[in-house]
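First, the structure itself, so that you have it in front of you.
For clarity, chains are labelled A, B, C and D in written order, and residue numbers in each chain start from 1.
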Amino acid sequence: MQIEASALSVERGGRIIFADLGFRLEAGEALRVNGPNGAGKSTLLKAIAGLLPLAAGKIEIAPASEVRRAELCHYVGHADALKPNLTAFENLAFLAALLVTSAARPGVAAVEAALERLGLSAVADLPAAYLSAGQKRRAGLARLVAVDRPIWLLDEPLTALDAPAQAVILEIMAAHITAGGVIVVATHTDLPIGTADLALGRAAHR
Amino acid sequence: MTGDPHFGFVIAAYLVALAVIAAMIVATLADYAGLKKRLERLAARTGRGLDAERK
Amino acid sequence: MRTMPNYANPADFLRLVRVAVPGTTAITAILFGIGLYLALLDSPPDYQQGETVRIMYLHVPSAWMAMFIYVVMSSAAFGTLVWRHPLADAVQKSAAPLGTSFTFLCLVTGSLWGKPEWGTWWVWDARLTSVFVLFLIYLGIVALWQVIEDPGKAARLVAIFTLVGAVNIPIIKFSVDWWNTLHQSASVFRMGGPTIAMSMLLPLIFMTFSFTFLFVTLHLLAIRNEILRRRVRRLSMLAASAGEAEVPVIFAEPAE
Amino acid sequence: MKQNGAPLPSPLGALLVRDLKIGRRIGGAASMGVLFFLCLVAITPFAVGPDLALLARIGPAILWIAALLATLLGLDRLFQADAEDGSLDLFLMSDTPLELIVLVKCLAHWLLTGLPLVIASPFFGLMLGLDARALEGVAASLLVGTPALTLIGAIGAALTVSLRRGGLLLAILILPLAIPILIFGVAAASGAMAFLTPFLVLCGLTLAALALTPFAAALALRNGAE
């Protein structure tokens, strides 16, 4: 698994967010994207996920597969994609069912294991509205564990999490890297796992 | 009394009344049963709940 | 020495319910027994309408209940806004579905009572139309309860709407009556005329009291339900925060 | 192939169950459509007068206009709720085509809003003095027509997904497109002699909507995504 982006540029609302951006990630590598707010970190992640059109440049994945790039990616944005009046389990079970791919067909056990992994099994049958911000964030991240997708695109995954919870997330990210996955993470904090760095902001104002 | 041609309407009215009243009673009691069950399940988890009711 | 039971305190109120409900249930049963006997067996048919007048013994009491319950709900709403007490919220919330049901019963029995006389299931008679508008207001209140998540906020917002509704009901009543006379519809619907014979008044009184006591019983039970529902919500949140504490610190183990 | 424990439902099945659950639970807006429909029907006699003969003549039109407005004004949250909490991005990243996802969301919306309208219309028709035959006509035409209203309305919902006050704009956009459905719907509902022809045209319109609108709505969602 290798992902390479070259001469990327994305435009939104007539404004060039960033231009002529490139990076290459081999299996088992992580890329940390940092830069001031509004430098386009989220935009880059969404562009990689295929949620936003590219103004220029291209993103290639080797080995080439007929599956859309979006179906190889997990994207965790600021919003946790949780419906307040559904329970944590119902939310995650739906997302797992939605994001199923030919390579990974999680069952109910995988959903329960993911909740267990994120320390949410005690609150699994409570409506998401009752969860704290930290629990909601962990519930949002639980889909990373429930459905196996190689490319992880994480936007500020550690916000609203206390130290033990952050440790769990870092642990999961480390596990994904050692398993040969790829992570692009937008964050201000430095990460204990080895990452290449990509600074946005200066490039955007060329 | 039942000779009146419109007697059917009287019966219908009393049946509807019975149905509405029965529905209210059943709904209230079923709601109570459901809440007690959930309270017992929650009490088992947080150690309060039902005994708070018998305080 | 046990302090005076303060029924504003939910726990004391729950004990009141356990004590009072068997009593009111018995009274309701007795009243219904007598009322139904009088209404169905012991009262004469109307010289004009014949047997269908017996529907009046359901229609009029349920119309009275629709108004009575709205008054109960409005006073509870006033209590919610002035004293912000959860028990007033429970009284107000539990009354709404009961009021809706009695108003629905009033409309259906009114339609069944009118059908033999007018040949159609519904006539826009002034009184029936006013009850119908009251029914729409009740539906609005029940819908509003279901849409707002936080119980405290819901109670205050619904209380405001209930009181606004209460102010508007007389205005609606007046304008519907005027509307009805303006388009003087062909048939005039006579609801048991001003002077009801004693033989008909008695069953009417008994049925009205039995409906009222039925409501009191159901309302006490429904208030208890609301108290328990709020307790379930609080305990669920407690369980959630309790769950927060148990983040399994498992990063020590090697990744599986 | 990782396969463990009981299998999860198919993506579309899971989506349908989820939307139905959300609609019916606290905060869900399942019964709003029917109540709004009832209010619209209820206010007409106050404007037109209590004369049942007149009401019977315009009854089918009143019921259809009420159904049209109730459906359209209930659609603005169809995609907006998902867009706000991030679910829409995940729809775009699923291997299930967005068009089918749109179709399933319309089905869920129709089951919660459209179908109750069809079931309630005969009862509300009684208040407008409709006779049994007219009630059947209204119910049948609504049964076939409301799906088309939901489908076309979904395009409007997709177009206004990122707008703050999308609800009214949705109605303004979609009302002109819904005119054919309204014409043949009311014609079928009140058609004293010719019920079948307008009814079949209405079926045709609905089938066309079923086939075409998901593509338009999906396209709008993809382009609207910020």
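We take it that contacts are C-beta pairs under 8 Å (C-beta built on N, C-alpha and C of every residue); 3 or more make two chains touch, one makes a residue touch a chain.
No experiment lies behind these values; they were computed from the predicted model shown.
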Quiz item: Which chain's mean C-alpha position is nearest the mean C-alpha position of the whole protein set?
Solution: D
Practice problem: Would you mind pulling out the distance in Å between where the CA atoms of chain C average out and where those of chain D do? | Solution: 32
Quiz item: So, what's the distance in Å between the C-alpha centres of chain B and chain A?
Solution: 49
Quiz item: How many angstrom between the C-alpha centroids of chain C and chain A?
Solution: 51
Exercise. Find the geometric centre of each of chain A and chain D from their Cα atoms only, then give the gap between the two centres in Å, rounded to an integer.
Key: 35
Quiz prompt | Junction residues of chain A - those touching two or more other chains | solution = 84-85, 122
Quiz item: Residue numbers in chain D touching 2 or more other chains?
Solution: 26-28
Quiz item: What positions in chain B touch 2 or more of the other chains?
Solution: 45
Quiz item: Between which chains does touch occur?
Solution: A-C, A-D, B-C, C-D
Exercise. Provide the residue numbers of chain A that touch chain C in the complex, in ascending order.
Key: 84-85, 116, 119-120, 122-123, 126-127, 129-132, 134-135, 162, 164-165, 167-168, 170-171, 174-175, 178
Practice problem: Write out the stretch or stretches of chain B touching chain C in their complex. | Solution: 1-2, 4-7, 9-10, 12-14, 16-17, 20-21, 23-25, 27-29, 31-32, 35-36, 38-39, 42-43, 45-46, 48-49, 52-53, 55
Quiz item: Residues of chain C touching chain D in their complex?
Solution: 111, 120-125, 129, 132-133, 136, 139-140, 143, 146-149, 176, 179-180, 182-183, 185
Quiz item: Hey, which residues of chain C end up touching chain A in the complex?
Solution: 149, 236-237, 239-244, 246-251, 255-256
Quiz item: Hey, which residues of chain A end up touching chain D in the complex?
Solution: 12, 46, 49-52, 67-68, 70-71, 73, 75, 77-86, 90, 93-112, 140, 148
